[in-house]
Each structure stands twice: as C-alpha cells, then as structure tokens.
Amino acid sequence: MTGKTLLSVQNLTMRFGGLTAIDNLSLNVPDQAITGIIGPNGAGKTTFFNCLTGFYKPTEGAVTLNHPTKGPIRLADLPSHKVAQTAQVVRTFQNIRLFAQMTVLENLVVAQHNALQKASMFSIAGLLRLPGYRKAADEAIERALSWLKRLNLMDIVNVPAGALPYGTQRRVEIARALCVNPLLLCLDEPAAGLNPKESAELNTLLLHLVQEEGVSILLIEHDMSVVMNVSDHICVLNYGRKIAEGTPAEIRVDPNVIKAYLGEDEDDQPVEKAS
Amino acid sequence: MAQALQQLINGLTLGSVYGLIAIGYTMVYGIIGMINFAHGDVYMVSAFIAVTTFTLLAALGVSSVPLALLVVLVVAVLFTSAYGWTVERTAYRPLRNSTRLAPLISAIGMSIFLQNMVQVTQGARVKPVPPMLSDGITLFTSGSYSVRISSAQILIIVLTVVLMAGFTWLITRTAFGRQQRACEQDRLVTAFLGYNVDRIISLTFMIGAALAAVAGVMVTMYYGVVDFYIGFVAGIKAFTAAVLGGVGSLPGAMLGGLIIGLLESFWASYLSPEYKDIGTFVILIMVLMFRPSGLLGRPEVEKV
Amino acid sequence: MNKKTLLATCCVALMGMTGVAHADLAVGIAGPMTGQYASNGDQIRKGAEQAVADINAKGGVLGQKLKLEVGDDACDPKQAVSVANTMVNKKIVFMHGHWCSSSTIPASDVYNESQILMATVSTNPKVTDRGLKNIFRIMGSDDQQGKVGGDYIADHMQGKKVAVLDDKSAYGKGLADEIAKELAVKSITPVLRESITAGEKDYTGIISKLKTASVDVLAYGGYHTEVALLLRQAEQADLKLTVISGDTMTNSELVTAAGPAANNVMFTFAPDPRKNADSAAVVKEFRDAGVEPEGYVLYAYAAMQLFADAANKAGSVKYTDLRKAMASNTFNTVVGPLSFDDKGNLKSPGFVMYKWQDGKYDSVQ
Amino acid sequence: MTAIVHAHHTPTLSERLKDASAAAFIALILGIPMIGMTTVDQGGFLAVMTRWPQLALFVGLTFAGRILFSLALETIKRRSQGRKSGKSAASAAEAANAALKRGTKPESVIGWLAVGIAVALPIFFSEDRYIIDIATSVLIYIMLGWGLNVVVGLAGLLDLGYVAFYAVGAYTYALLSTQFGWGFWEALPVAGGLAALFGVLLGWPTLRLRGDYLAIVTLGFGEIIRLLLVNWTELSGGPNGITSIPRPSVFGYAFLPPDTEGSIADLLGIEFSPMHRLLFLYYLILLLALLTNLFVTAMRRLPLGRAWEAVREDEIACKAMGINVTTVKLSAFAIGAMLGGFAGVFFAARQGFISPESFTFSESAIILAIVVLGGMGSQLGVVLAALVLVMLPELGRDFAEYRMLLFGFAMIVIMVWRPGGILANRAPTLIHVPTGDKA
C-alpha cells in the first residue's frame, strides 16, 4: 500500500426509472491494495462496476482515477473501451465473458488488441508481414504465455475457451484481464465456482499481483474466505447505499453488516410481482 | 384539401392493414424476442387461401357478398392459424435457447420456403378475384373532386377497430392475456408458476397469424389482385410499423401502422408515387437509429 | 475426398448432358413461360409448337427435322441473358423471341455475338435501332403503335383531359413516350405525365392525382396487371377512366382482374391475323386442337414459317446465308406478307385500335 | 467428474404412430388450401382445380417421414449418449490436442485440390461454353460468400442487404465504362472503394444497433438501393438496366472479332473465338476469388481479424478489453462491402448488362445462405455451399422451380440441426507448440 488514493468515487447515484440501484455512494480506493466490495444480492455491487467501467452512465456523481502518468481521469466521461484503454481500469464479469470459440491463447492476444493494431499499422504492416509487426506479435504471445504460466494454465493454451470447465474459465478471464495491463483490476466474483484449492491459489495470486506487479484490485466477492483473507479494505453495500467501511476485522463485527446479512427486516419485503 | 381528405381515407385503410399485420410482429417479439421474418409470408398465404375460397364460393353459387366474406374470413383465419402454429413449431421452437441469429436465419429460411411453396403450388402469376363492394359513399364534393369512401374501405376500417377492441380485451382481461403478458416479462417464472409456456407461445403465433389472415382477406377483397410476392413488401412495412410504434407495444403497432399508411398515401399523391417505399425504409432506419424503442415502447437497458 | 467424387460426378453428368449430338436442327423460342406474363409466353409456345409440328410433317427444313428449344425469361432481363447463353450452348440456328422489350434488348447482344438470327415481336424502337444485324421484327414498333394511339385520342376524344402514365419498363416508357410525342404533334397537352412502379398493389395515390386533374383518358404504357389495379381503384374512387394502351392488353387476365371495368380498355395491336384469308387453314387447325389462336399464337407460327422459308430459299442455315435471304425476300406467312428494311423493321406494319367488350376484344373504327 | 446420464424414454410403436398421425393431420390441414386446391385462369375468370392425389401423397410422405425421422433421432441420441462424458480441463485439453494432431491438414489438402481442379477445368472443357459459364457463376458466388463471410461469419453482423454493395460495384463500373470510357482495371479499385464508402456510410450510424435490428436496417438499405436503381431512370436506366457494358481487356487489347482495332486475336495472330473471352473471364474471376481468399485468410490472423471474431463472440467483453467495437465492426463492414463491390464490377463486365432485378433481396438471401449453410466463418464451407447451391438447379432442369424452395427448407433444417453451419469447426489463428517437454 502506498497510502495514496487511486480511485475516488463521489456521490455516485444510478437510477433506472424509479429504481435507485446506487444511492449517493462515496468511496476511496487505495493504490496498490485490495479493496473488497461485499453486500447481499441486489445491493448494487455489479452496477457499481458497470458505472466505473463505462457500461452505465451514472445519473449523478463523479468517479475519478488518479493515473500516475496521465493525471486525474474522469471515468464517467469515457466510453467503456476508453476506460480500459486510457485509464487502464479492467474488469472481469460475474457471468464470465470469454470469447468462447477462440482458444485461450487467442483470448489473451485479443486483449492486447490496441497495441498490436498500432503495430500492424491498421493491418497494412500486418498484411506485408513487416518485421516491426512480427516482433510485436511475438511479444504479445510471450506476454500471454507468461501470464498463463503464472496461473498454471499452460496445458490448455490451445483449447477453445468455451470448452473449459467453469473454474478454469474464471482463471482464464483473470489472465486475459491482466494482458490488458491494468492499473486497477475490477474482479466480479472471481472465486465463484472455484473449489477450495483453486480458491486458495486465487488468494495467493491476488496478493502477488498487488505486491509484485503493483496492480490495485477492486473485488466483489461472496466467498468470505477470499474477501476476509486478502482485502486490505472492505466496503459493504446494501440497497445501493454504503452501510459500512473498514478493515476486515472491523467489518466482521459491524452491527449494520450483520443485520444486512442476516436479513432481519427482509421478510417483510414484498416480492415484486410482474406487472 | 379534398385530395388530402381522400388520401387520409386511403391512408387509414392501408394503415389498418399494416397495423393488423404489425401486431403479429410485436406480439412475437414481445414474447420470444425474435423477429418473425416469415410473418409477412403467412399473411401472403392467407391471401391465397382467400382467393381460392372466394373462387370456390362463386362456383358454388354463393352470391351474397356479406355471406361470402364471412365464410372466407372464417376459413382463412382457421387455416392461416394452422400455418402460424406450424411455423413456430418447426422453425423456431427447436432454436428457442440458441443464439440470437439462429432463429432469425431460420425465419428467413421459412420466409423463402413459404414464398416458393406458394409459387410452386399456386403458380407465379397474379391471382385476381372479381371486384366486390366497390360501391361507396360520396362524402362531399368540392369543385369537380368528390371525396369518396368505398364500402370496402369502410369494412376494413370498421373491422380493424372491432378487432383491436376485442384484442385489447383479450390481452388485458382474460386469463390467456395475463399469462401472455407474464410470459413476456419472464418466461422462466411463468413456467415455474405452472403455466405451459410452449402453449402460450404457440397461441401467440396463432393469434398473430389470425390477425394477418384478416388483413390478407381484406387486401384480397380491396385490391383484388394477389401474388406470391406481396408478403415480403407488406411484411417489411408492417415490421417498420411495429418498430415505429415500439416493438412489444400493441397500441404502438396499430399507431405505427396508421402512420406508415398515411405517410405512404400522402407521399404517393403529393411527392412522388415512385419513391414512397424509399420513404418507408428511410423512416425505418431513422427510427431505429434515433429512437430504437419506438414511439410507445419502453427503452431497453443493456444487460452486462 | 468426398468433394472430389462429387465434383467428378458432376462433371461426368454435365458432359453427358451437353455431349449429345444434335442430329436435328435446333430452333429456339424464349419468353415469359412463368411469372406475371406467362399467358403470353404460353401463346408463343403453342404457336411455335404447332408450326414446328407442321413443318416437320412436311419433311422439315433442308431435309432436317426441327427441334424446338423453349427458354423462360419471366420477362426478367437478367434471366433473359442466361437463357440466351443456354440457347447458344444448345446451338440453335434461329430464335423467336424474346417477348418483353427489356428482355430482348440485352439478350440480342448475346445472340449477335454468336451469330444467331432472331425474329421478335418486341416493339420498342431500341430493339432494332442499335445496329445489330441479326435481328428482325415481325411486328410494328412502338413509334408506329404510339402514333396510332395518339391519333385515336386526338380524333375520337376531343376535349377530354388526357394523362400519360408508364411503368418505366423499356416497353412501357417507350410506348408512353411515343403516344405523348404524337399528342404533341396534334397539339394536345397531357394534364399529367407520370411513372409508376410495376408490381405494387396500391395505386390510390396516383388515382387521387388523376382525379384531382379530372382526367378522362389515361394513355398507359405498360402491362395488364397494373391496368387492372388502376381501373379497380379508379372505380372505387368513382373516377371514370378510359385507358388507351398497347399490344400487351391482349391478355385475358386483364378481364379477370379488372372485372367489368375492363370494358374501358382500348389498345393498339396488329390487325387480327385470324381474319386473314391465308391463315384460315392454320386457324382451323388450332381451333381443332382446342387452342384459340389469339394474341401472339399466330405470330410465333409465322416466325417459324419465316425461318423455314428463308432457310429453303438460302439453301443453308448458315448465319450469313440466312440473313441475306431474310433481308432480301418477301415471305408469305399466316400474319400476312413479311419483308424487312435495312434495320430489320417490318416494311409495312399496321396497327389497329381494339376494345375489350365483355371478355372479348375486337377492332374499332 | 461424474457424467450425468439422463434416463431416456424410448417411445413405443403406438406412441410413434400417434405422433406420426398428428404430423400427417397437420400436413393435411396445411395442404388442403395449398396443395389440394389451386385456382386457374379460364380466360376471363378463375376456376378452382383440385389435386387430391398430390395432397394424399404429401400427407403420406409426412407420415412416413415423421416415423423415419423419429427413428433416426433415436439412433443419434443413443450414440451421442455413449460419447458424452464429463467436462473437465483435462478432457477438454485432450480433445483440443487431438484436434490439433488431426490438424487443419485435410482441409488445406482439399483446398489445394480444389484450386488445382479450378485451374485445370478449362483445359478439359475449353470448348464447352456451358461448363465455363456455370463455373464462372459459382466463382462469383464464392467470392461474394467470402466477402460476406467477413461480415457475418467473422464479425457476426447479420447483413441482409449485402447485395447493395454488389450493386454499387456493378453500377459504378457500368456507368464509368459506358459514360466515361473507363476500363475494367481502372474502375475496379474505384468501384471497390465506393462500395466500401457505402459500407461506412451505412455502418457508421447503424452498427451500434442490436443484431436483429441491424439485420432489418441492412435489409432496408438494400431495398433503398434497389428502389433507387429502379426509379432513378436518368442514372441507372431504371428497370431496363444498362446495356452494352464493355468487357474487360488485357493491357488495352480486347476480345473482339478480327480486323477490329485492338483485337487480341489479331495481336497474337490466332483465330478469333468467343470462347477466348469466356476463358479469360473465368481465369479473371478465379484470380479475384483466390486473392479474396488470401486476403481474408491473412486478415483473420491479424489483430483486426481476431478482433472481428472477438466482437462476434462477446461485444461487452471486447469493450472491457479496450477494443473500440464500433471501429472494428465498421472495418468488417467496409471490407466486406469492398469485396462485394469488386465482385459487382466483375459481374457487370461479364454480363455486359445489368438491371436492378439482379440485386433483389433474394440475391442477398442466396449469398447469406451460402455463408450460413457452409458454416459461418469457414472459407471452405463457402465453396462447398456455393457449388451445391449453384449446381443443383443445373443438374436437373425440372428442379429449377424447386431450387428456392429447397433453399429455404435447407436453411431451416441446417439451423435447427447445426446452428453453426455444416463446417462449423473453427480453425484457431494461433497455435502454441511447446518447445521441449514443459515449456
């Protein structure tokens, strides 16, 4: 942890018609640390990610990334691909979005599209097979392989991603996100579908990324063994509002959090009927 | 002025027909989220059924036009519903959980199939039926121009209004209507509640086909000339109407139909009869670009 | 490997199909055998089949039997070109066709290239105006037809308001332009000159325009389906129209589609060959076979007669010989004597005004 | 991993008969108004003609077909159940490695074989105009299929108006050559560029639309172009088209009869034959098609080509990876359009005549069918589908009427049977071969 703030969220609000998915959320995400976002289903966690990464335009509020070289970047003003390309904020998805028919290696090379496309001079250098492009292409493959090696995925390099089991797909998706060269990595339930051994490996990987690679991580997770073990800082959401924030130890004993998770007053919630 | 009024009447007639076909598109889109590309051809099939039935009745010596029309309507609605059912059962149901493009391509295949089936079995020539209900009422005369509404036009407009009323009742007041709307909201939950979703979808296709059949009979009677190609053009225009009104919205489909009908009528008489179809297509593209949810539709949120 | 066998099979099959030696003399006809104008194609086929049968019964041409090849272009220029290519491949020595001007024009390029002689009934002036040497027209052309139509309007419909409409096809636009030209000569100004798109069903827009202009007479260049639709929709709008059009109105489907309103249709067509004394025997032959030799039936018959005569006179079926014979002789056929000018146009064409009356058409004065 | 085996119920004979009877009953209902009856013109009025024997045949065939179909389905299900095993990383990797070992070898062998046959074809049939004509048509469709494959197969954008770009190419050449005397080779790049421009013009505003909406918009665009060609008589000649379009020449020498200026027959001192031009056209389209194939294959292995496929697979994931989806789609659209434009130029030059009738929606549907039936994204699949679809009607003359009918039927059946097309297996663009034991 550097003690600096990488991402600051101010008064973020997201409404869909009458429904307020995120309600006046303010949050500081520290640099080179792991920040956990937890909360019951429907708390607005994924919506928060969508606002962050340009998939939704927030109704109100601002999200600012303090880029070490490019200075502050207002994420809400950027289209989603610019969020990844310029601000280097890269995400994974709760329901895994791999390029199913493409092989694992292809998935990881596609993630390096922008650099490669520039090297291929919009395909002209590529069609002519100029040495500059070939060097860039080889480097991209090397980079992909090195991440695959790190994640212990070398034996499935040439397998179409869609043919892999769920847990493996999760890890491939993380490897692919890493190929985009992220400053902030937003992981949406990376441990879902992993077995305990894989889960433990994920913990090691996340810690390694922060400590060795200098990546900051924003983590949505239901698996408390992951969140509580790796997070430096945790933010708890319920009904779109932040109900608690602090270290794992603080969160564990927070009465609001316990109430939200045990769902005292949730029995009275009317089940929304189809209208 | 008189000409404008006349074109208003002509446009309303045309728009009623488009509206009736558009409902089939909108309902199907609402319930299974696909464009039933073959719907226009189902309408075309109904027109051919109408021609055969008209001819048969004439040969049997039925000379009362109202009786003949009634019989033709019933026959066309019944047979065309069967076509609607079969189209869904064979080409779309097996692909219900497939990618988005697969059922669309299958639908295009079905459209080509129906068009060519009719061409092979009924011939490629135009089929005429003798004129009927071509008398009418002269509303008023200004100068040498008399504004006139023919009996056929009155029938088309009145029948459309009645059908729309009945249909609105069906969707808002009956058990089937509730199930149908539930299905549109969430198919899975509807199935969990113990309703037969397959049956609801099949019925939706049959109702859509039945309304298209009414349109087919009306057009056969009104224009008197039918060929295997009418489904494509009418289908595209009705689809444009559905999109314009907001896909999934029933009043929207009707409204869209009327707007397209009026647009075409006025375009043909004031601008250029040659480019009226281009007008329709330009509207289609404009609407999809600037207001993809249509006039009465609800905007859709992209699910990430 | 599978594909290779497939391909090989295809090749063998194709070789078998095309490798058949033609002991007979192949002659072709082409026209709309399917599609909207199929009944006209049918007339051509019936006429040509009868003619070939008759010629063969008399021993054929130069000792060889004729073999008829039928091509279907559905009046679609694109199909016409591919029919022409197929015909060339079948090594025909003479072609009667095509029917639609818009088919004949592109197809004639193909025949010309392969040096095949044509006799057509397509009336558009462009058919013979392009300097092709292989084409002969056994009917008048639209400029002649349009003149007759225009004159009729000028002479018999004085003071009526006239609109000129066409369907943009080579034939339709050509005819409408010629009528308009003749009207201008007679200093009649049409109140409306418009085009419509063939194949549509709703013409209420143009009807409304006609009504606003209080049009009485509609000079129309195009085909019968649109005329039927226009008449029906005019009737519903309470607009009384008299339609003046061309030879395409001989189609009886006009009556089926337009109903009693068809009685308002007048059109120009060549003098009815059924009334020729020379054709009596052939007409009887057709009627005995249950075919009414209306429309283009006798023209197709005449085209085959023309070919047989020319080949006999030339003593050969080689293109150059045949062409020379055709250009320099007069031939007696069931549609009367035929002889051609330098362009291949009929030297003495005639057009007469006809009128539909209760399902039949007859000439008017 | 445990394989889950579903308890499978085998229908009894009576159930099968009942099912087939139901199908036959529906066939009867559907058949009565279409097969059982038709109307014929009796010279001024219509009369109903019945065809009950045909209807009976149709119902009987449906009954028998349904039984055979259910039996066949049974066998396939039983067989595939044996093969179905648990999905694990190890088994997936095994399968992939096995596929790699089989490799793309057979496909490339077939590909080269096809090229060989195509090159040698005119040697065997140099005097047969018919074969050369058909082969040229097949090659045009192959080229169009390969062009559309970029848009539909690779980028996953359903384009129902592809024929518009084909038309743009054809009319551009026709107008440039007949009005301004341009030659084939000068007009080719201009027409391709113009078609690409049209692709961008259409794509720019519409490519953010969802798949099926995009399909409809492209269909509308295709119709607008066709209607413009039909109605803008001054430019396009209207429904009559443009005639006497010059044929392509070789370095300024045309295939003209002897003693004409610039006749290639005179130049080479050989006897003139119209077949020479046909052979030249055949090799020209073969060359264009092969270049198209090389280009598309090369593109697929480049970043842009991979991005096309990634966009097809998952647009949202692409955005999250920083890929500008709009640009990627637009490039696919423009390149597809350009290839269509090239094919159009050749078409116009070969026919010598074009009219809007050549550019109707059904032409779009045929090209789409070639791509879809062959297997979206598969280059060889396109060849196969084009061969079958163009040759079918030629093999049996009486068959022609049923061609489009079978077309539609095949589209439905193949979609239901294999939503990915016949040759649906995708060849990877990158293969990592480990050096040493464990790299």
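As written, the chains take the letters A, B, C and D, and residue 1 is the first residue of each chain.
Definition applied: contacts are C-beta pairs under 8 Å (C-beta built on N, C-alpha and C of every residue); 3 or more make two chains touch, one makes a residue touch a chain.
Going by UniProt, the chains are A = Branched-chain amino acid transport system ATP-binding protein; B = Amino acid/amide ABC transporter membrane protein 1, HAAT family; C = Branched-chain amino acid transport system substrate-binding protein; D = Amino acid/amide ABC transporter membrane protein 2, HAAT family.
Just so you know, these numbers come straight off a predicted model, no measurement behind them.
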Chains touching both chain B and chain C: D
Chain pair with more C-beta contacts, C-D versus A-D: A-D
Averaged-CA centre spacing for the pair chain C and chain A, given as whole angstrom: 73
Chain A and chain B, separation of their C-alpha mean positions in angstrom: 47
Computed distance of Cα centres, chain D from chain A, in Å: 41
Centre-of-Cα separation between chain D and chain C, whole angstrom: 36
Per-residue overlap in chain D, given as positions that touch at least 2 other chains: 41, 45-46, 227, 231, 316, 401
Chain B, residues touching no fewer than two other chains: 123, 125, 128, 130, 274, 277, 302, 304
Numbers and ranges of chain C residues touching at least 2 other chains: 34, 39, 168, 195, 197, 253, 256
For the chain B and chain D complex, residues of the former touching the latter: 34-35, 45, 48-49, 51-53, 55-56, 59, 79, 82-83, 86, 90-91, 94-95, 98-106, 108-123, 125, 127-130, 232, 236, 239-240, 243, 274-275, 277-278, 281-282, 284-285, 288-289, 292, 302, 304
For the chain A and chain D complex, residues of the former touching the latter: 53-55, 79-85, 90-93, 97-103, 105-106, 109-111, 113-114, 116-117, 119-120, 122-123, 126-127, 141, 145, 154-160, 163-165, 168, 176-177, 180
Touch list for chain B against partner chain C, complex: 2-3, 6-7, 10, 14, 123-126, 128, 130-131, 134, 136, 138, 144-146, 148, 150, 152-153, 219, 223-225, 227, 229-230, 233, 264-265, 267-269, 273-274, 276-277
Partner chain B, residues of chain C touching it in the complex: 34-36, 38-39, 74, 168, 194-197, 199-206, 208-209, 211-212, 214, 225, 228-229, 232-233, 235-238, 253, 256-261
Chain D residues touching chain C - in the complex, by the definition given at the top: 41, 43-46, 110, 113-114, 117, 124, 128-131, 133-134, 227, 230-231, 233, 238-241, 243-244, 274, 351-353, 355, 357-358, 384, 387, 391, 394-395, 401
